[in-house]
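Mind having a look at this structure? Questions to follow.
Chains: A, B, C, D, E and F, in written order; residue numbering restarts at 1 for each.
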Amino acid sequence: MKPLLLAAFFWFSACSLMADEGARPLRIICFGAHPDDCEIQAGGVAAMWAAKGHKVKLVSVTNGDIGHWREAGGPLALRRKKEADQADKILGVTTEILDIHDGELLPTLENRKLITKAIREWNADLVLGPRPNDYHPDHRYTGVLVQDAAYMVTVPFFCPDVPAMKNNPVFMYYPDRFQKPNPFKPDVAVSIDSVIDKKLDALGVMISQFAEGGANGGPNLYPDDAAKQKTRQEQVRKNFSNWFAGNANHFRETLGEFYGADQSGKVQFAEAFELCEYGRQPDKKELERLFPFFEQKK
Amino acid sequence: MKPLLLAAFFWFSACSLMADEGARPLRIICFGAHPDDCEIQAGGVAAMWAAKGHKVKLVSVTNGDIGHWREAGGPLALRRKKEADQADKILGVTTEILDIHDGELLPTLENRKLITKAIREWNADLVLGPRPNDYHPDHRYTGVLVQDAAYMVTVPFFCPDVPAMKNNPVFMYYPDRFQKPNPFKPDVAVSIDSVIDKKLDALGVMISQFAEGGANGGPNLYPDDAAKQKTRQEQVRKNFSNWFAGNANHFRETLGEFYGADQSGKVQFAEAFELCEYGRQPDKKELERLFPFFEQKK
Amino acid sequence: MKPLLLAAFFWFSACSLMADEGARPLRIICFGAHPDDCEIQAGGVAAMWAAKGHKVKLVSVTNGDIGHWREAGGPLALRRKKEADQADKILGVTTEILDIHDGELLPTLENRKLITKAIREWNADLVLGPRPNDYHPDHRYTGVLVQDAAYMVTVPFFCPDVPAMKNNPVFMYYPDRFQKPNPFKPDVAVSIDSVIDKKLDALGVMISQFAEGGANGGPNLYPDDAAKQKTRQEQVRKNFSNWFAGNANHFRETLGEFYGADQSGKVQFAEAFELCEYGRQPDKKELERLFPFFEQKK
Amino acid sequence: MKPLLLAAFFWFSACSLMADEGARPLRIICFGAHPDDCEIQAGGVAAMWAAKGHKVKLVSVTNGDIGHWREAGGPLALRRKKEADQADKILGVTTEILDIHDGELLPTLENRKLITKAIREWNADLVLGPRPNDYHPDHRYTGVLVQDAAYMVTVPFFCPDVPAMKNNPVFMYYPDRFQKPNPFKPDVAVSIDSVIDKKLDALGVMISQFAEGGANGGPNLYPDDAAKQKTRQEQVRKNFSNWFAGNANHFRETLGEFYGADQSGKVQFAEAFELCEYGRQPDKKELERLFPFFEQKK
Amino acid sequence: MKPLLLAAFFWFSACSLMADEGARPLRIICFGAHPDDCEIQAGGVAAMWAAKGHKVKLVSVTNGDIGHWREAGGPLALRRKKEADQADKILGVTTEILDIHDGELLPTLENRKLITKAIREWNADLVLGPRPNDYHPDHRYTGVLVQDAAYMVTVPFFCPDVPAMKNNPVFMYYPDRFQKPNPFKPDVAVSIDSVIDKKLDALGVMISQFAEGGANGGPNLYPDDAAKQKTRQEQVRKNFSNWFAGNANHFRETLGEFYGADQSGKVQFAEAFELCEYGRQPDKKELERLFPFFEQKK
Amino acid sequence: MKPLLLAAFFWFSACSLMADEGARPLRIICFGAHPDDCEIQAGGVAAMWAAKGHKVKLVSVTNGDIGHWREAGGPLALRRKKEADQADKILGVTTEILDIHDGELLPTLENRKLITKAIREWNADLVLGPRPNDYHPDHRYTGVLVQDAAYMVTVPFFCPDVPAMKNNPVFMYYPDRFQKPNPFKPDVAVSIDSVIDKKLDALGVMISQFAEGGANGGPNLYPDDAAKQKTRQEQVRKNFSNWFAGNANHFRETLGEFYGADQSGKVQFAEAFELCEYGRQPDKKELERLFPFFEQKK
């Protein structure tokens, strides 16, 4: 018997059981630091949830207003808002971009409250976000902010103007390559083969970030020439395709746990997520309910 | 030879030896995020120290003013102050509650100074607090603040109005169940069998938090009916009893190091603590001096 | 194939290749929390780089104004500025001390921008700093700030008044003895035998910190008596000498990777550094280019 | 010719002319520090605007969560939200309460942006708020925040996610009794005789603040006794009635400017407002358009 | 009838009447930005109150740690603490110095709470402080902070851990020479002839500030020579004597209102205070009760 | 005898006399909120000082990065930097632009230190800036920050890394049209007839702000058509010309005090400044030394 888990059961008993909600659609909210992070990390599952009638919202915690080598400020923020709208229309999801300067996110109390309310207002069953140890400070502090909201969403008199959640959502992290202080460890991996084109299409419309190269790009990447632009777009598509194919290889073992050995070997493109220790701790069955993509495949 | 430890010896030579202080009582200060955290995590050893004439102070870094499903704000803060006073009277210890909003603690400089002065003013030999990776942001930032004070207590011109400590105290953490980035690792475990009733009594008077269920409770837990209230109180007592019994099982190996194999096998209820790497690094002998509970038992 | 590294390649392609720069001197910037931290941790390599014509800057992020048992405030800050100037003249490097109170450093946006600009203005190839888990809060937050700048230095419209870096520098950490959440792991180790006297001389002129004992010192350490002062200075020199000799033993294996088994066994004094996962990820060849001290020794 | 006014004309030429908007209803937004301040200061004109089909929004910048002698925190905030909803239903206006602790408002950038967006989203022609020198710090800082938004609402890339206003609204202050550094000076005064009962009704439902006495009340004011409660309600009504009657006397001269000597002498109850020097500077004709209450009376 | 005053009566009715408290001593708290400001501005009345058995506390909101041309930091803070203790012993009053850096005071919420609690804990009838428009930013922000506390001291759930005041104290300002936005206007003036020597003695022991010249002094003012030191001390005494004599002339008219024409003409040294519009508004009779120095003189 | 002025003399005696410095050029530093404010308000005197060999620096406290209807962010900041460089070259002065977001300036301690150091590093005899009550929050807070630095520049251990000023500079305000809490009152007025073309030229090169209309402009103001652009440039020039001519009329009386009745009547274009009560208080003779433009004209 794990005494600490018992203790945990005691504390969270009010919120640890999720009612059988029959046909109610799942509600998922994804946080990213910039308008493209959610799309890259969870664009596939987002499209898959949406296709099944579940409700997905992608929130960019900053407005991305320094994410380009030539443009910046409000005009860039507005351009990226349009790109996100287009991308999220392709994916079939809702999008929101908070008005916080790119590169300047801090884990303040004001921001913790914004995140807490966003989760409550979406009435999320599942919350996705970055780990607190990624390469960009905005990613890290988005991770900290989501963690800082992970219990507070259930406390009625924190942000009393938005009703608290009866059921603490499950919180999960996006993958990253960083090993310290501890590496990403997948708890679920999903084949996105069925939506790979949709995801690549969605990323493709975010011209400012990928074709043009974002903050580290330059004028030669996407010149004023239709042919060269097409070539560049194909290169971007190929790069992303390789990335998500790499994910499938990298997380093959976890895919196996959910799809069985046979099916999992055939997965070409994947996304994976790690369970956050804060928030509700689901068992495998609940994970499969939250990611309702494995039924027929086993 | 560990060169870095040698270096450490050099830097801390002024504060690394604790004078034989004969009959001077030990002075312990415990930090928790809310008015009940210290009591849960260290209520047993606190009562044991107090019983031997040592001086224990429990400090809640926030006033707990959102820790209930129906009440909040100043009225709840005052109610919890009373509950903590009652509980700490049972345990025989001193209590203090800082006037910081529950759910809003941040590792600011102002708060670092409050913690530093509290440690100095108590002239603590030993400081207890949460690790910086627990489920509640207030717990985490309490942990960060205690860490941030762990060296500064010795620096005379940080907070020059309160004399600095000649001897850096030992800092230790409470247990939690979180594995990332690294799990809790007990450095000392103490049988609280002799005071288990006192500890359960103390927790029992914190009605707002346990009988009524705190922030995640609800109206059905502790209705206006004496019989049902008694039943609920017994349930709370049983839950806590299971928790601390679970601790004994979970930390049996560490109990063995301090009580010997025979004695440790009989321990029913336990508390355990992990050494913080900041602050003075005690050897086992000093740990046994700080936790003077093992003498006759070996 | 590591898909995440591939992704990383994609994102950083604009900055991942360092042009062959022929005779251009290397540019190294070292951050420490106080005016002596850089000298202790990297004074040896700094002198060695300087001797070869490379450009080294040591930046103290606080002004050290509580780093003494008797003096404090602006007068101490000015005294330490003088000591740092003297020490850095011995080492042959440039020094800068930011006007931030000792013991009060926080990872604010203002400070992130100061660090980002310092790195850009120095046009650094290599950035050194503490890990975010050292015993002093200023050390930890210096580590956080350097991490927070590690990508932002490449973003043109973060701090647009100072041109962004085309090549993301390599970021490395100083050693410390802390094991949690993860221990220091050397990625490079350098013999400082050739400059050990210079380094000890440089540390020797920082009277306020070492002879007098800094914040944890006292009046008996360095009394007004030339003979006793000489004895104390020798003691300080001996302590440091043991420290850096200890480093050589502690990091012998890593020395072996760079010097070969034979040479490395003879190294008496060493400094070592760990690669930060943020910033450019060099291969061993680039490490050897950045630390151009191994050529003849292999 | 006033050269500085000429200069002003030059700068604001883009926003200084308000198009003849025919039948478009006026849009008014009122800021108060607490949920009752707008109702007290502008409840009369609000009801009159609403009755004519104009759109009025009352915004409380704090949630009023310490505005009672017995209750506080979230439960009080929710109670006051209900009271404000009831009151504003009576007045026929929209209400919003920001989630900021009562007594803790500061003129931060986050709050400036909240106010700026609220004004833009309401597309206000007229903005009302307290002067920056009232007795309560929340009143003063509400005044500062509204001033700080008074020009920024027109700047497109401040808060680029909410379209900027083409026409800078007119900003006006509520009256207060403070003489330093300069007294309130009415620029417009309005008879609220036609809606006095509605205003008194609206204030009457804010039991927590008036019948019970708010932060400075006590248990004897509004005891659990229907008859005594009725008496107290009448007393509150009488006090407010006297207040607004006092306003009529106090601002009789200004009433005269707008109603003519005859009519103004008969006004029993009034509200008055002072023009803020920031924001658009209306002439009397525009004031009469913004306060369309004087037509038949002249 | 002043309607706004009537309204004010309504709002403050709970706290506007001060019970006849018979022999209870008056309780006065004075705030200054630095350890010497209260003594200069109110040292005379402080000594007079103390002599009559009333309770006076002088609070320095900063620790004065940059108030010298040669010394600074903690050592200066401690020196000034000693000087203030000596001076306040001469005056017969209590002293407190907050641990806030000199030159760095800001009107934060944390500081507002410190001031609020200090007033409540002293249970003050009268609060003195600087106006918000003096030459030193610390003076100005001390003024702002005292204003920001002027109503909050009566609100029970602002700082609920310290009981709120039933009677709002009277708040008054020290004189200064600044004309904008409005000049100091004395509401009471007191002859300090009976304690002028005591006041000059008290200021005389604050060597760091006056004999040595404080932040704008220099080495020649108070050299290491007993005779020259005596001369300098006499010069300081003379300067202060002239200052307070100047006050008597400057505020002669107000002295007349309280002492009558005859007596007032003979006053040699004076202190004067202006009523703050926030806090309780006393009539002349209450002013004479708060400054019980005029009885026999009329 | 004004006792308070005497007191003031006492306090500032160390810095109140400015040595006859013979041929040393005057050093003037001007603060504006945005890159154009100094040029508008003091471009004339700046050019006149420069022409006589005095040293003038114009500092924009924000980078102006939202000061346009179409552009924003870093690209606009860089464009405005170029425009300011061009304009200041025409005027013959030095320019600096701080890296603070336009529209987001707050009177923080960090900013106070930046301003203090800028004044010290320029070793200014005279400091110009906006009053704290102008229409734009950045203007107001620039005014507050300059005030907050006005005494601190003389305190050696505030910002100890930059030597404090022995002589407190004279601080003066730019004119504005605001009447509350008190109107601008000119203490000196200067004919800029001799440099009016230079000033208009300098303003003319700030295309983004004037020809294009800045934040409140639009696409029609300065279309892509050389003829229309010329027309618009002439209109801008005319508007500014009218403004500065208006100043001459508005401040004719003050011009008379400095030029005599005859000369002053002929002044066509003027700039005027109000003495700040903080900082050194010059007599008329010193004003004439600081503004060495009146000699031959009297």
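One rule holds for everything that comes next: contacts are C-beta pairs under 8 Å (C-beta built on N, C-alpha and C of every residue); 3 or more make two chains touch, one makes a residue touch a chain.
Given the structure is predicted, the values throughout are model-derived calculations rather than measurements.
Peer 1: Following contacts chain by chain, what is the lowest number of steps it takes to reach chain F starting at chain C?
Peer 2: 1
Peer 1: Applying the touch definition from the top, give me the chains sitting in contact with each of chain B and chain F.
Peer 2: Chains touching both chain B and chain F: A, C, D, E.
Peer 1: What's the fewest number of moves from chain A to chain D, given that each move must go to a chain touching the current one?
Peer 2: The distance in steps between these two chains is 1.
Peer 1: Considering only mean CA positions as chain centres, point out the chain farthest from chain E.
Peer 2: Computed centres place A farthest from chain E.
Peer 1: Looking at CA centres, what chain is most distant from chain B?
Peer 2: F
Peer 1: With over half of the numbers shared counting as same, classify the chain E/chain F interface as same or different.
Peer 2: different
Peer 1: Consider the two chain pairs A-B and C-E; indicate the one with the greater count of contacting C-beta pairs.
Peer 2: Looking at C-E and A-B side by side, A-B shows more C-beta contacts.
Peer 1: Where the centres are mean C-alpha positions, what is the separation of chain D from chain E, in Å?
Peer 2: That gives a centre separation of 37 Å.
Peer 1: Return the distance between the CA-based centres of chain A and chain F, expressed in whole Å.
Peer 2: Those two chain centres are 50 Å apart.
Peer 1: What are the residue numbers in chain B that touch two or more other chains?
Peer 2: 65-66, 72-75, 108, 156-157, 160, 181-182
Peer 1: Mind giving me all the chain pairs that touch?
Peer 2: Per the contact definition above, the touching pairs are A-B, A-C, A-D, A-F, B-C, B-D, B-E, C-E, C-F, D-E, D-F, E-F.
Peer 1: Sort out for me which residues of chain E touch chain F in the complex.
Peer 2: Going by the criterion above, the answer is residues 65-66, 68-69, 72-73, 103-104, 106, 135-137, 140, 175-182, 213, 215-218, 239, 242-250.
Peer 1: Where on chain A does chain F make contact in their complex?
Peer 2: Result: residues 65-66, 70-76, 101 of chain A touch chain F.
Peer 1: Could you pull out which chain D residues touch chain A in their complex?
Peer 2: Within the complex, chain D contacts chain A at residues 63, 65, 73-75, 77-78, 81, 97, 99, 110, 113, 117, 156-157, 159-162.
Peer 1: Going by the contact rule at the top, pick out the chain A residues touching chain B in the complex.
Peer 2: Answer in residue numbers: 1-8, 10-15, 108-109, 112, 147-148, 150-152, 154-158, 160, 181-182, 277-278.
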